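Structure record follows, encoded as structure tokens.
The chains carry the letters A, B, C and D, assigned in the order they are written, with residues numbered from 1 in each.
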Amino acid sequence: MKRKLLYVDAIREATEQEMKRDKSVIVFGLDVDDPKAIQGTTRGLVEKFGPNRVFGTPLSEDAMTGAAVGMALAGLRPIHVHIRMDFMMLAMNQIINVAAKSHYMYGGQVYLPLVIRSMIGKSWGQGAQHSQGLYSFFMHVPGLKVVAPTTPYDAKGCLIEAIRDDNPVIFVEHRMLHFQKGLVPRKQYVVSPGKARITAKGKDVTLVGISHMQLECIRAKLYLESVGISTEVIDPIWLSPLDIDTISKSTAKTGRLIVVDNDWISCGASSQIVADVTERLQGKREIRVHRMGYAAVTCPPTPPLEKLFYPDGPKIAQAAYRMIKDQKSNWLPRERKDLQEIEFKGPF
Amino acid sequence: MKRKLLYVDAIREATEQEMKRDKSVIVFGLDVDDPKAIQGTTRGLVEKFGPNRVFGTPLSEDAMTGAAVGMALAGLRPIHVHIRMDFMMLAMNQIINVAAKSHYMYGGQVYLPLVIRSMIGKSWGQGAQHSQGLYSFFMHVPGLKVVAPTTPYDAKGCLIEAIRDDNPVIFVEHRMLHFQKGLVPRKQYVVSPGKARITAKGKDVTLVGISHMQLECIRAKLYLESVGISTEVIDPIWLSPLDIDTISKSTAKTGRLIVVDNDWISCGASSQIVADVTERLQGKREIRVHRMGYAAVTCPPTPPLEKLFYPDGPKIAQAAYRMIKDQKSNWLPRERKDLQEIEFKGPF
Amino acid sequence: MNSKFYRSLYRIRRVEEEIARVYLIDKIKSPVHLSIGQEAVSVGVCEALRSDDIVFGSYRSHAFYLAKGGDLKRMIAELYGKITGCAKGKGGSMHLIDRAHGVMGASAVVGTTIANAVGFAYALNYQEKRSIVVSFFGDGAIDEGVFHESLNFAALKKLPIIFICENNLYAIHTHQFQRHANPNIWERVRSYGIPAQRIEGNNIFKIYREVSKAVKTLGTRGTGPFFFECMTYRWKEHVGPGDDFHLGYRAEEERTPWVKNDQVKRIASLIDPKKRQRIENQVEEEIREAFEFAEASPFPKDFELYSDVFKKSK
Amino acid sequence: MNSKFYRSLYRIRRVEEEIARVYLIDKIKSPVHLSIGQEAVSVGVCEALRSDDIVFGSYRSHAFYLAKGGDLKRMIAELYGKITGCAKGKGGSMHLIDRAHGVMGASAVVGTTIANAVGFAYALNYQEKRSIVVSFFGDGAIDEGVFHESLNFAALKKLPIIFICENNLYAIHTHQFQRHANPNIWERVRSYGIPAQRIEGNNIFKIYREVSKAVKTLGTRGTGPFFFECMTYRWKEHVGPGDDFHLGYRAEEERTPWVKNDQVKRIASLIDPKKRQRIENQVEEEIREAFEFAEASPFPKDFELYSDVFKKSK
């Protein structure tokens, strides 16, 4: 149980173990079989399972997603990989109009055990078209499941769960999480929908951090500690279906909710969570809520603007501080070097 | 000022007047030049302006949207028409990754005076793939404007505004509104972003009805009158940018907000509006909020299930009644024949 | 052979005529896209298939659904929105399915099932199954990028799939000439290294013969795909039960040769009148029963609204 | 002619070598996709254009940007993320633009600008302008549906556009053979009725000559489009400043003939050494100035984060 793995290796291991278990699991997508092996997440798979089970494709996001649907209809359990969420915009018709709807519109007769892996880019000039989250699109449409694990442990458990799930699952990775290290059991295990993870216990404010923003929330918590504020941090892990109970309960306890998203705010996951919790707690408990996410602009590649574009530990800490102490406070913690590398602890 | 027009004729008139005014306005898209002329909204235009300015296209949503972007870059003001929102899923890459971002990512050097008209289907077995709203996708991404006029008056004014706007505007029509009648001035006028319309004054509850749901909210208001509840109804008209001030103020007055969307709730416009108003009024005014929208399932074509799928006047009235009087109440008004046809009054 | 052809042709024609008749009394609250005039393509192709072969198609779905053996009762019930429908009333006329007979679905968005069919064919190869896939689509689907992406992939992987383009000259009211500078669909397809040909004249025998050859070749894996552009003609309006010559986008004379060349009549004339009468009686009886079944069936109960969103995994 | 070619080729080569050199000290915090080895395509094409002609391209944007006359200072400043960059630091290396010189932008999503270029060409026709459009893209873009949709439309409307496929054999690390059963891009294009040919050997003269002919023909409207598949080779890794033969997806020997056939050297040998020296000195000076300019320029101020989301309409 003490074994540490990188996130990418956790993904790789989950894939390999599931492929061994079930011959119907196959992996395909642009560059999955190339020397870079999708940051290493597909390394060695083609050698182990052969080019019929692991293959690169032409640049044809629309048809390849449609093909994944067809394979799933035929009883395979395809894992289709996109190296950027942004490129999924080319596959929206198949995802929204076909994959999400087939089980329902055929009266339950068919089902699609399909995983779509995709990555959010950040930094080093990713810019306008390589940095988007956009998973709220998939949370909007019934018939899709969405998961965005942040730790190597959850990456493995969620991917195994996603592969075994009989429905289309959008599996959201973040490039800045790919080389995070954490404890990962050797055996197979699942991290299922329905249970958000409380990653830090606290009593003054609830921070919900999605995808990479989970890390920033943990940083914020450490900054807030230094000013005597006790923070509860929650990682929803599965975004659809979403464990709103855990978030509601925590908010009922702390009276304050900040949702920090790795995406824009308008009609995003942060709006959904804040609206849901508000509806649930109204009349029961007075609360304060706040949404944070990308600035409402296109992502700029130049470093000084990019820094302003994203929420980060200090900014999140400031928002919590303001909510608790004083809306007008200018307190903003200085970035601490020792918080630059945060390793996920566990096992959970 | 007493002239009444159908919604479709208001659209047609706006287009024609703007084409006369400005030679750079062109109209294209599947079937715009065919005998049905997009429900009549493009009738006669090809005869008046010729096939270079008004033309049907191959079935190529992705490239035709990309072409619209290119035309706008070259200084034209294209109106590109899709007969269903659902088909825009094929054009998401150009809309989200290119149209929304060009002005920003080229540092303001280019701009895209582009209108994308699209229609939401309903009833008569439209089913899974001809019934979606999905405009929340466009509200999510910075760089796009979104408008969903509900009256013939606003249809004309908003379309003229959209054509003259130098940014990409997603213009959302609803097929059930197309044959609504209402007063429409002959002259050109604009209905600009920044001003939601209070379509009925009231004091007990605020109903925000988007697109076709505006009509259902007006029905709900009439049902509620009969039980002595006074309803304020708001039509946001422009969804992005959204006039949240008007909605907030009304909610501050009534203390109650119900947002009824023509789309799913999760990460939808209703979540956005509820979260925004909550953030603004917290600590100032205790309020109750509630979101309504499509049932969280794929749209079923069979009439009895389809009826359950959509919010309607009685269901909205019930939700308001419960919020005001008693959460457990079973009151549900019987559908009134005299409310089946609601004509928009005005001018506003 | 001829009587098999005739039964299938006659059945499709008569089912759709009945749909058109019943449509006027608003029992079918759903768009209907009739294939009247085009039946020979579906029948010619599907008669060349085995029952475990798979077909995918578009919203113009009645003909290939029935030709492949799809259940008639459940189809009509689906159009009526009844719980006994092939999709429990949740699909409607544009999303017919009958897994037991290899009808894997239909899409209301043009072109989408082409990619699904290609993926299914990949899976069949991978699973070492002997069946093959047929993908039906119209001339309008050619314009869509997904068609090309799908061809490219199918050719690359040499998949066991037959593409059938039902070229009825129009996408709604827009002629192929208004959409393609070069109306040579089969030529475009050949450039991918896919054997492709055009079959003129809605000729059921020719279609059957050519598709049968392709099916035979596909018995050996790694020999696909194949492509056929089948020229045909839609007699009725794009959607709905009526004629549409009054719209002016096409002249009634354009239809005349196709009506003269009606494959239902053609095959009828080739079989023994008594046999023919027997077939027709059986089909009429089947149709009567199917509409009665649909009428008598209940609508889905309210709880069905929320069923089938997700499949519970075991 | 030769000295014009040489100046442009040498300038692109040297700019990119400088980028590669500077990259190691992390001043450029942006992905860079170098065209070293491929310059002849951009130069051969752009030398055949007029300054009011328009080009669109992909993230591998340095060569066509410079070949079309794009401002060097503003390009390097853009890579450095400075406010003086051609997109104020908001575009980065993958979205170079210079409207004044007809460089209308570049996309990081493969294939997208092809459709934009087609729309632009439609507008030029409509506006009765004399200029034409060139759309640059890689062999990877051929796989995307939007390529086909765009060709079909351009052919239908006979648009004044020249499509240039820079076929460097690879999409990232994936060879064309792994993506196309039939590596005959030009043939696919011909099936749309578009004149299309492959130009072998990265030959700048041939490219210039053939494109010039097409440009001339396009002087008469209704004669387009044209298509050229220009065979070329990327010497460096897909993204970044280094070599990539260690990755194993291609052998260094594959590059050898292309290096032997280096068009920069080839043209260098054709011009008078003194003249050549003068050109080189001028270019070196220009490059030095450009990097100094970029270094010295300030980053965008904070308020720039929120500018340029929407254009204010007048």
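Following the convention adopted for this analysis, a contact is a pair of C-beta atoms (placed from the backbone, for glycine too) under 8 Å apart; a residue touches a chain by one contact, two chains touch by 3 or more.
Here the structure is a predicted model, which means the values were calculated and not measured.
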Result of counting contacting C-beta pairs for B-C and A-C, higher pair: A-C
Chain of greatest Cα-centre distance to chain A: C
Whole-Å gap between the CA centroids of chain B and chain D: 41
Approximate Å spacing (C-alpha centroids) for the pair chain B, chain C: 36
Chain A and chain B, separation of their C-alpha mean positions in angstrom: 31
Residue numbers of chain C (touch at least two other chains): 85, 89-91, 95, 107, 109, 143-146, 149, 152, 156, 179-180, 309
Shared-contact residues (touching 2 or more other chains) in chain B: 57-58, 60, 62-63, 86-87, 89-90, 93, 97, 104-105, 127-129, 142-143, 296-298, 300
Residues of chain D defined as touching chain A within the complex: 29-31, 81-82, 85, 89-95, 107-111, 140-141, 143-145, 171-174, 178-180, 247-249, 299-300, 302, 304-306, 309
Chain C residues touching chain A - in the complex, by the definition given at the top: 56, 85-91, 95, 97, 99, 104-105, 107, 109, 112-127, 145-146, 149-150, 152-153, 156, 307-313
Chain C-touching residues of chain B, taken from the complex the two chains share: 30-31, 34-36, 56-63, 86-87, 89-90, 123-130, 295-298, 300-305, 308-309
Residues of chain B that touch chain A when the two form their complex: 62, 86-87, 89-90, 92-93, 95-97, 100-101, 104-105, 127-129, 132, 134, 136-137, 139-143, 240, 263-264, 266-272, 274-276, 278-279, 282-283, 286-291, 296-298, 300
Footprint of chain D on chain C - complex, ascending: 143-149, 152, 155-156, 158, 179-182, 184, 187-188, 190-193
